[in-house]
Amino acid sequence: MRTDGRQTNELRPVTITAGVNKYAEGSVLIEVGETKVICTASVEERVPPFMKNQGKGWITAEYSMLPRATHSRNHREAAKGKLTGRTMEIQRLIGRALRSVVDLQALGERTITLDCDVIQADGGTRTTSITGAFLALCLAVNKLSTNVTFTKYPITDYLASVSVGVIQDQPMLDLAYDEDSKAKVDMNVVMTGSGQFVELQGTGEDAPFSRKELSELLELAEGGIAELIAKQREVLGEAAGLIGGGAEK
Amino acid sequence: MRTDGRQTNELRPVTITAGVNKYAEGSVLIEVGETKVICTASVEERVPPFMKNQGKGWITAEYSMLPRATHSRNHREAAKGKLTGRTMEIQRLIGRALRSVVDLQALGERTITLDCDVIQADGGTRTTSITGAFLALCLAVNKLSTNVTFTKYPITDYLASVSVGVIQDQPMLDLAYDEDSKAKVDMNVVMTGSGQFVELQGTGEDAPFSRKELSELLELAEGGIAELIAKQREVLGEAAGLIGGGAEK
Amino acid sequence: MRTDGRQTNELRPVTITAGVNKYAEGSVLIEVGETKVICTASVEERVPPFMKNQGKGWITAEYSMLPRATHSRNHREAAKGKLTGRTMEIQRLIGRALRSVVDLQALGERTITLDCDVIQADGGTRTTSITGAFLALCLAVNKLSTNVTFTKYPITDYLASVSVGVIQDQPMLDLAYDEDSKAKVDMNVVMTGSGQFVELQGTGEDAPFSRKELSELLELAEGGIAELIAKQREVLGEAAGLIGGGAEK
Amino acid sequence: MRTDGRQTNELRPVTITAGVNKYAEGSVLIEVGETKVICTASVEERVPPFMKNQGKGWITAEYSMLPRATHSRNHREAAKGKLTGRTMEIQRLIGRALRSVVDLQALGERTITLDCDVIQADGGTRTTSITGAFLALCLAVNKLSTNVTFTKYPITDYLASVSVGVIQDQPMLDLAYDEDSKAKVDMNVVMTGSGQFVELQGTGEDAPFSRKELSELLELAEGGIAELIAKQREVLGEAAGLIGGGAEK
Amino acid sequence: MRTDGRQTNELRPVTITAGVNKYAEGSVLIEVGETKVICTASVEERVPPFMKNQGKGWITAEYSMLPRATHSRNHREAAKGKLTGRTMEIQRLIGRALRSVVDLQALGERTITLDCDVIQADGGTRTTSITGAFLALCLAVNKLSTNVTFTKYPITDYLASVSVGVIQDQPMLDLAYDEDSKAKVDMNVVMTGSGQFVELQGTGEDAPFSRKELSELLELAEGGIAELIAKQREVLGEAAGLIGGGAEK
Amino acid sequence: MRTDGRQTNELRPVTITAGVNKYAEGSVLIEVGETKVICTASVEERVPPFMKNQGKGWITAEYSMLPRATHSRNHREAAKGKLTGRTMEIQRLIGRALRSVVDLQALGERTITLDCDVIQADGGTRTTSITGAFLALCLAVNKLSTNVTFTKYPITDYLASVSVGVIQDQPMLDLAYDEDSKAKVDMNVVMTGSGQFVELQGTGEDAPFSRKELSELLELAEGGIAELIAKQREVLGEAAGLIGGGAEK
């Protein structure tokens, strides 16, 4: 039995509010249980130096937590003067995951930066950031498409992410913070709408895991991600069908 | 006539939501027009090295804007590896202003850190941060007082802040961003509940100002701050009377 | 009665020595009591990136104290690897104040950097820096004008600065360090030759102040600044009349 | 057919030289094909602050590449003044993986730091670092055990790592650099001597992957890691049996 | 013939003014031609961590140039956020040289920091800093000795420094900036009052030099340093005899 | 008698292995006793900004020690976020010394960077780096010359370096670490094949030294450097004669 009474294969309540920022080209507030992340997508009509003159766009992400997003206050990275390894790892993951479902050629020479700012943290901030940032990205592309004619719709598939873990030999979906801290195995899974893996990061720091456990964890993740993608479709409404369509507009 | 139809002595709509963070000892979301700031108060049972062994507490503040709080995206200070001069100036101002209404002796050897994170910026982020942070501080002190017996209530007076400026020779209260950018004089005023000045920062970069203009600006600020303090009292409810009371509990 | 026997409305002795640096386009050593600041003006025939292609010039300032300018030695900011908030705040103030009396269009596409290096500090280093830097700026513009034909003289008015404060309920002019440390209100005032305010920064960290006190403080500041500008005129000699003249040369 | 003629399930030639550093408590030079890494283990009789007074030890790792370890020269991180996200990610991974097979209680209050310095890089530097660092760690523990009586042998299992990937729909073991750069899926696997997973990091940036592909990749990894552990046993010689024995000495 | 008409073995005019800083325990302004350096000595009653509990003192030095000490303005190291290699090299040299004539045991557990701030630079700033810093150190020790009873006088010998160089095959003493920039060999020499070498740093970047040239350069340096030490004796006056005396006071 | 039984004028065993890095244009592993340094030369077809448009090339060097190159582990400079003064001093020395024997005009507009990475340190790492880096540079120039026609061979003379010192009044050649730490005088000498000095850095921190001692030290250095240059010639083989030839190819 889980602290909050959930089944082992049950997500926490998910709420997504679109348009929470009046300046950003795309924005959502995503809440998964008590974890709350503001995701904004900012479009710039230029690409970073290493992408120049390739006729392609770029997607990048930044991640941060407010100092009091957690039980006790953390020092600000800006005050310390550098990003922690954890932050760098997470923002590299978010950017990489999003790029896997974007046709950079179709996007054209522009950069979309996804900012994931964790307002409150209760486990799963990186997976929640990916699920939310994907939506902010879609909203920004849709806004862009009112001015720009894409040769094809640049987003090729849905993308969402969830954590799974093993607690006292029981595989479970979507760990809250207190669960995460007692899990012997912890895995973050990113999948597409077509049910394929984009990222798989499993860690057995406290105890290694077997192929059988891996299998059960992936099963749980697939279920959770399917639910999250259904939520994403609801938020997108009519625009939901554009993704992966690739049709010329 | 102002862009949004306000009178020259009229504040933008002010909304304050208390308790927006489940971990912080005190927290509010303060909205002044389209400017939105999350203020959290975090209590630690120790003081910084320079305050050690004095039997006193400490109040400090940090200020930050989300990258897309503004029209175009700003680089994160954490990514740049240092705070801008503007940020340092603002957080020093917030801390100094709050300390002016706290009896550090009465607070005892603990530190309260006020984090002011600007979610969306439309002018007046520093004054809004002060008005909100004061409330977060009160909420944290009230929460503390359920466990700690203060010799006297450590908050000695109300505190709020507003900006004023001169636009085309017309003094105006509470400038929104588009007004601020065309003001020839820009002044931030911090006042107490007893109507005295705590901070006065006026700048005439584009044109200097006379004592008469100063007088008119201060008049406007006094009116605005009185309104803001009335809002603060509403939020505090029954606890409103404790401030400045100084009575032993 | 003040420690050094001054009247409440009396400046400390002011000595200004021009031409103290053989390389700088303009330079002064300004001494106000025991506070000593070397101000140099350096001209470069280019503007910073954000001012490019506007046909305008730029004025900027940097401020620093030698490590042993003060009673006990301070760590060098260069060794610590970053500027303190205090330094940033002061150098932003100096630059902003000077720009208020420069016609950047008339200056043309060049940058003048004012370096204010405090050799010895005894209160009022930021106000003394402004008063001295204004002169170094004038000297540099005068030197420039031997090679460059300005469409009009780029300096539009005199500029000087002084501190005022309230000590034991008595407003006083030009606080020395030991006075400053016991003042309940501390205010820095920057004014033009025509008697208008450019910057007003008042802080009542230890106790707030009333409008009446503010009035008395501004009175004192006006008197002190008029005296400082008289000193500036003496240093400039024949060139004193050029300022604000705006006549084509 | 692979560039170097290997089978899809074939490791590159592996050479391990122990004792390459006369000061380090444990050291190896590990060569996997043209990838060469010096791994040293340094023992200190103290633990980092966050581990104090727990009666436990700590294992940590650092990773770096010589500037010309790669085809074209990279800037030194020391000269740039900060670690890249990639470096942080890798050294966090190495430390976490090694800790999974160390009984920190049995190790006692000491820290072992594993430095993995890549002398030449041709793909798989992070996996090679793990395989080599594990050995340097064993050598250091063995050296320690001549002076210290452990209650049980602190290393609980073997540990090695290898990369696998999918190139043109063909899963392959141990990718060299030119293979890695054209792989659509790239996965790093860390396993124990008992055949369980410690870390699984799979990325399908260029194309997502299916559960079937995952299965084939894990198969290949299991084979490669078994071979690497056999090599480790050879290097350890008689001491090979101590690992996981846990017997009191 | 030298630009300024000096003989090849002639120093530039040397002026030393003691007591230029009202707070520092020792201070001088040293001028060698147009090179001007303020040297202050600051005493602290503690030693750095690596010198703790050895019953000894420590001498250290810092060096900096004002931004406009030179022909064209240099960026401040504090603004760049790090010291240049040149600065580090110079301040290490100054500290090492001074320590060679101090009996750290006799000094007792205190630190004296010598700050050498170059107000104007015209060649020889590092050698001028050493000559001046030695005096500031003596003045501080003499001031200390009014409160502290040293077992023996802690300064064991005089110390001064001068540059020499080869210009168009002619060895010359005390190079000014324009000479230095055309010298093919450049050497900084630090010597004691007893005529021995403490530091010798010769560089033939543009052309190597022979032992004969070296001999002639050292001859010149010996002459110049003897003159500088005579100047130091004048400044110290009656206290000149204490140095190297070592007698108990 | 020296710890390792050497004569006072005897070098430690010197071994030089060329071609240790498969990517670098030139590379050697140089071992002098237990001191081991990997030197690589990297060629880039561009020059740093300050050398642009002069028709000349540039030679620069970087120096680093692996964390466990020494008896006890040192913190990585990359982790600390800055280079130590010692590192900066050494890499400036290496670059300057190498440039003294390169005709930058003849080299053409390209940069050669010499990386000296100390794998194991037992005294003399900076002198060993210079001796090794010179060879890596020659190898890179020789490799370049297969594609580029130099107007003349850009390396004008041989270059090597050795340390000397005085231990218990006895001048000695090539100090190992334990000797270095008890030497009262420590000197690094860089000389050309024609027997002239390029750099001379002598320090008598613990006791100053006389001209006679200096003479004896230089004698020893000359002998040692002649031997090192003989070793360099062996490594270069047929290409040995090109150096200083200056003949058009």
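For clarity, chains are labelled A, B, C, D, E and F in written order, and residue numbers in each chain start from 1.
One rule holds in what follows: a contact is a pair of C-beta atoms (placed from the backbone, for glycine too) under 8 Å apart; a residue touches a chain by one contact, two chains touch by 3 or more.
Because the structure is a prediction, the values reported are computed rather than measured.
The minimal number of chain-to-chain contact steps leading from subunit A to subunit E is 3. Looking at the partners of subunit C and subunit F together, the chains they share are E. The chain pair from C-E, B-C or D-F that repeats the A-D interface, sharing more than half of its contact pairs by residue number, is B-C. Taking each chain's centre as the average of its CA atoms, subunit A and subunit B sit 34 Å apart.
Spacing of subunit B relative to subunit F, judged by their CA centroids, is 60 angstrom.
Between subunit E and subunit F the centroid-to-centroid distance comes to 29 Å (mean Cα coordinates, whole Å).
For subunit E, the set of residues that touch two or more other chains comprises 81-83. The cyclic arrangement of chains, taken from subunit A and going next to subunit D, is A, D, F, E, C, B. On the subunit D side of its complex with subunit A, the touching residues are 82-86, 88-89, 91-92, 96, 99-100, 157, 187, 191-192, 194, 196-211, 214, 218.
Of all the residues in subunit D, the ones that touch subunit F in their complex are 21-24, 27, 34, 38, 40, 42, 44, 62, 64, 66-73, 76-79, 81-83, 87, 113, 115, 117, 119-120.
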